[in-house]
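Got some structures for you, see below.
Two complexes follow with chain A in common, the first pairing it with chain B and the second with chain C.
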Partner chain A sequence: MCRFFLFIIFVFASVVSRAQEIEVCKTCEVKTIQAAVDMARDGDILKIKSGIYKEHDISIIDKSISIIGEGLPVIDAQMKGTALSIRAENFSVEGLKIINVGRSHTSDFAGILVSNSKNFELKNNRLDKVFFGILLERASEGIILGNKITSNAKSQSTSGNGVHIWKSEKITVKNNQVIGLRDGIYLEFVNNSEVIDNLCKDNLRYGLHFMFSDHDLYKGNVFENNGAGVAVMYSKFIDMHNNKFRKNWGSASYGLLLKEINDSELRNNIFEDNTIAISADNTNRINYIENNFRNNGYAVRIRGAVYDNNFQRNNFLYNSFDIAYTGKLNNNKFSNNYWSGYSGYDLDKNGIGDVPFRPVSLFSYLVNKTPEAIVLLRSTFIDLLDFSEKVSPIFTPANLIDDQPLMKRIQW
Partner chain B sequence: MLKILKYSFYDLSRSLWSYVYFFFYLLLGVVLLFLNNDLSNAVITLMNVIIVLVPLIGTIFGVMYFYNSREFTELLLAQPVRRSSIFLGQYLGVAISLSASLILGLGLPFIIYGLFQSGAIWDFVSLLVSGVFLSFIFTALAFNIALSYENKIKGFGLAILLWLFLAVVYDGLFLLSLVYFQDYPLDKFSLVASMLNPIDLSRILILLKLDISALLGYTGAVFKQFFGTGLGAFTSIGVLILWVLLPVWRIKYISAKKDF
Partner chain C sequence: MKKIIYLFMLGILMACSNKPQPINYGNDNCDFCEMTIVSKAFAAQAVSQKGKQYKYDAIECMVNHQLQQDYNMAVYLVANFEQPGVMIDVKTAGFVINDSIKSPMGGNLAAFKKESDVVNKGGEGIFSWEELQSNFLNNEPVITSY
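Right, the complex of A and B next:
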């Protein structure tokens, strides 16, 4: 008797609490994803079996469900609009392949659109030939993990962003690959979020783009061969650690473009083969610590209204110009950096050069004043001029010096 | 003329200086490739060397050869040979042997290093072509000076001065005028000014071929637009050829009238 009651209780409990599992495939009872979504209730799991589903504008509204693709099922939106649009809490989308998202000049079609949502996970999806990849609006506490987004963006006006986040909070973007879109990852009004270990490559405009976003962290990302690596604009309290900015090369290309940024820190980043590694415009209270600048055209270009920036313990290695500077010193500091162009000596053997280093060469000063003078790049006269200026500086700002240049490269 | 060309070429190929020159370039090429391990970087460094050294060596070698072979020249003048073919033959002998040293000296290490498999081959070819042009131009200028001045010291001084002017002072004046007139649009001016000087022209032609041209910014874009077109390529080659032809014509003109 007792045993029977236990059995009843067990069955009852399992019916109430156990989520229902809905399978979707071409031969199953449920043949389309939309139908499965309509059937589903909170807590259900939708298992999508492999196959091609020609659906678009699948909408999930107020349902806490998980969608799991098994064997990479393909959702083909047939260039007709958004593939998956979601407005819900506590949901996840995993293992789908979404292709052929429609293009439009008036609406932002996306592979996965998440709006007004909370607590979600978008994991290990593959998006190809999309307009926008993953688009978040007014979302919070979401995780975007391990997705691969590719497209074939040709011009800025007819292409969208890989991961586009607008007006959101506490979002983690991790381990994604974004290749061949307009902006790789775009954040606008996004606070307290993290962008970690992503790869952004071959994008038309920026690898990562911040606008009006505060208290964010991005680290461990690789930005390669984008129109410009990263643009951080109108934001504050941004931490930038351990990123690689590589091969952002072209006449209007940057590794990192900083505009109107306050109270941020760059640490342990690597800048390699960029035309301009960092262009800083209107930035205040930024610390640049232990970064490597190697083989760039300009390592750091400082434009107007830059105050209290602090360059410490960076390696400046074989750049055509280490620093280009406009305006007054404005309380910016250079100290304890290693400069490959430094030719001073260290008599007391304390590892710090006895002669201050002047990072702004006369030529870079002249080019700033008369941009046309750049045609004399690498001519003998300029080399002579730079040499004589180094020996006895007359034109370059007298107080713009690193008075404790290091003798050896910093290992960090 | 061909016979005299042959004689002066053989004469030079027996001379120690040609070998010094050849081994200098050989050494330079080997060391650069050994240290850089990267063809396109090596090309940039070589460019710096070429636009300074090739004109200098062309000038000095030209003047030296002319003054040294004066007695032989006088002997030839007594023979029934046309004056123009004597001097042009000598000029071509010097210019060709200098160019050959350059091409062989730089070419060998690069070929051994695997130039043909590399994408840098056209950069390298444009480097060699400008090097050869510079050799021809500056040897011709040197012959002009040597023909005009009997006094060796004067001739040498002037030749060095000419090199100094084109390699260094010209750029200084160029820069000064850019800074002085910075309120005006200067793209056209800088284009013309850099085309007039063969050293600047070859520097720009090589730079535009390399990645580093992205550094040139807006002005570079103007340059690239110009030199990228058929007209630009035609004009720049035309200017280089003109720089060879004018001095050569003057050699012919002076030598025909000069009283030896």
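Right, the complex of A and C next:
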């Protein structure tokens, strides 16, 4: 009896451990990827040789397999829907090129669709002319690494997002490039996830977009020339570190749009050449520490219902307006920042200016009320108005001051 | 002379028209949540009595805006989910809330023509414009704006 059991275990073990390799190419025994997937068992490796595979809706269901492209094989979905659709645990997709994903107003076709899945890796794939690039639904513990996703959202009537993650958790999005989609990376109902070292460029709407997502981190990303750099909305506990927000330029363009977000931190970010570097609306308990604001139209525009925001040790360098403000000070703090517009003195030579700095000029208050007034920027009369407001503030919040402005730029 | 005055008055009347302007997708921002309007299947718009245009990226934004501001609009239009880009009057529309609909602001809400099979099928999660508003009033709103 015992021997019989041992035999069973032995047979079982040998079946499991015999991970098969299946090669797919035009001259191989297996000619299509779908056929290879259908043959494969858990643990198998599918090697796709270079060539063009005109397939769409390749579906992988409940199979733990690795798909490895050798020599960048091309899956051409011929505008007919999703290229690769996966619902499984423990799988990986690597080194594929996916092109021509179908477009639709009502279905979300994607280059790679992963749903109800766990523990997976999507690595070094190239996606071009896609509708949605990588689409994750109800997935967890996944890694999206080193993919390059490009499309032409701007010239299309419908467009999708580069990396779109919905109702998922513990996802890492790292080292990807997303160029020319609707939103570069979009997270909706995604918790405990990380977005690290990505480049999001020339996207129609946002480089990175959070909706209803909590406890997430994004750092080391570059957001350039998007409709707006990053939008963080209806979320809390978001860490934003070491990102670059550049060249988000246009009448309604932002580097970073914060709307209804709580308990978050911005540290060591660089904002350069944006129309509005940060627009904050309805944000509570946010720390802005050691960020650089350089050459922006507005560095920070505070709109209504903003409480307990703390601006400390930031560099405000050559912005047209440092702060634009609506309403009362509301317990927000500005201290120990460096302001390039500061013209005070430091007689006791302790590095801190002896007179406080008022970052809200009368003109920025006026422009906030009447945007058309912007044509008067740099006129002598406005300088005069600003000066008189500085001496005796009437319109701008009187207590909105940095009472310890630094004399030298902060190095961080 | 009189003709010119009439023409002038006509001109003034025309300027106050409540005719909705088409949404410029990818450029116009939502008047409620500030997001750029990109999705033709979920957009909505309204025009006030005096002719001010309001545009929204999602129907839930229009309803929330309406409930919070209590404006009285002359025109309410919503995108027909089955014919993206075509705007229909809310009175001729049926609204569906279903988890399978991924509308931009997390409301799982889309509009269909009243004659559409989806609406006629009946069942839970199907509303008229009035029912939709009272449904939003009774439930805690997911999003707010100030």
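Criterion: the second predicted complex is superposed on the first by the 390 of 412 C-alpha atoms of A that agree within 3 Å, B and C clash if a C-alpha of one lies under 4 Å from a C-alpha of the other, contacts with A are read in each partner's own complex, and residues count from 1 in each chain.
Please note the rule applied: a contact is a pair of C-beta atoms (placed from the backbone, for glycine too) under 8 Å apart; a residue touches a chain by one contact, two chains touch by 3 or more.
Every value quoted in this text rests on a predicted model; they were computed, and no experiment measured them.
The superposition on chain A brings chain B alongside chain C with room for both.
Contacts of A:249 after superposition: chain B is touched, whereas chain C is not reached.
Using the contact criterion defined above for the overlaid structures, shared-chain residue A:211 touches chain C, although it does not reach chain B. In the superposed model, A:282 lies in contact with chain C only, and not with chain B.
In the superposition on chain A, A:370 makes contact with chain B only, not with chain C.
Applying the stated contact rule after C-alpha superposition, one finds that A:52 touches neither chain B nor chain C.
In the superposed model, A:188 lies in contact with chain C only, and not with chain B. Shared-chain residue A:61: touches no atom of chain B or chain C.
Of the two partner chains, chain B is the only one touched by A:297; chain C is not.
Contacts of A:384 after superposition: chain B is touched, whereas chain C is not reached.
For the overlaid pair of complexes, the smallest distance between C-alpha atoms of chain B and those of chain C rounds to 11 Å.
Common to the chain B and chain C contact sets on chain A is no residue at all.
Contacts from chain C toward chain A in the complex involve residues 25-26, 29, 33-36, 38, 40-41, 81-82, 84-85, 102, 105-106, 142-146.
Put simply, chain B touches chain A in their complex at residues 44, 47-48, 51-52, 167-172, 174-175, 178-179, 182, 186-187, 189-190, 194, 199-200, 203-204, 207, 211-212, 214-221, 223. Residue ranges on chain A touching chain C, taken from their complex, read 105-106, 108, 154, 157-159, 166, 182, 188-189, 204-206, 211-212, 227-228, 231, 233-234, 252, 257, 259-260, 281-282, 304-305. Of all residues in chain A, only 249-251, 253, 275, 297-298, 320, 366, 369-382, 384-385 touch chain B in the complex they form.
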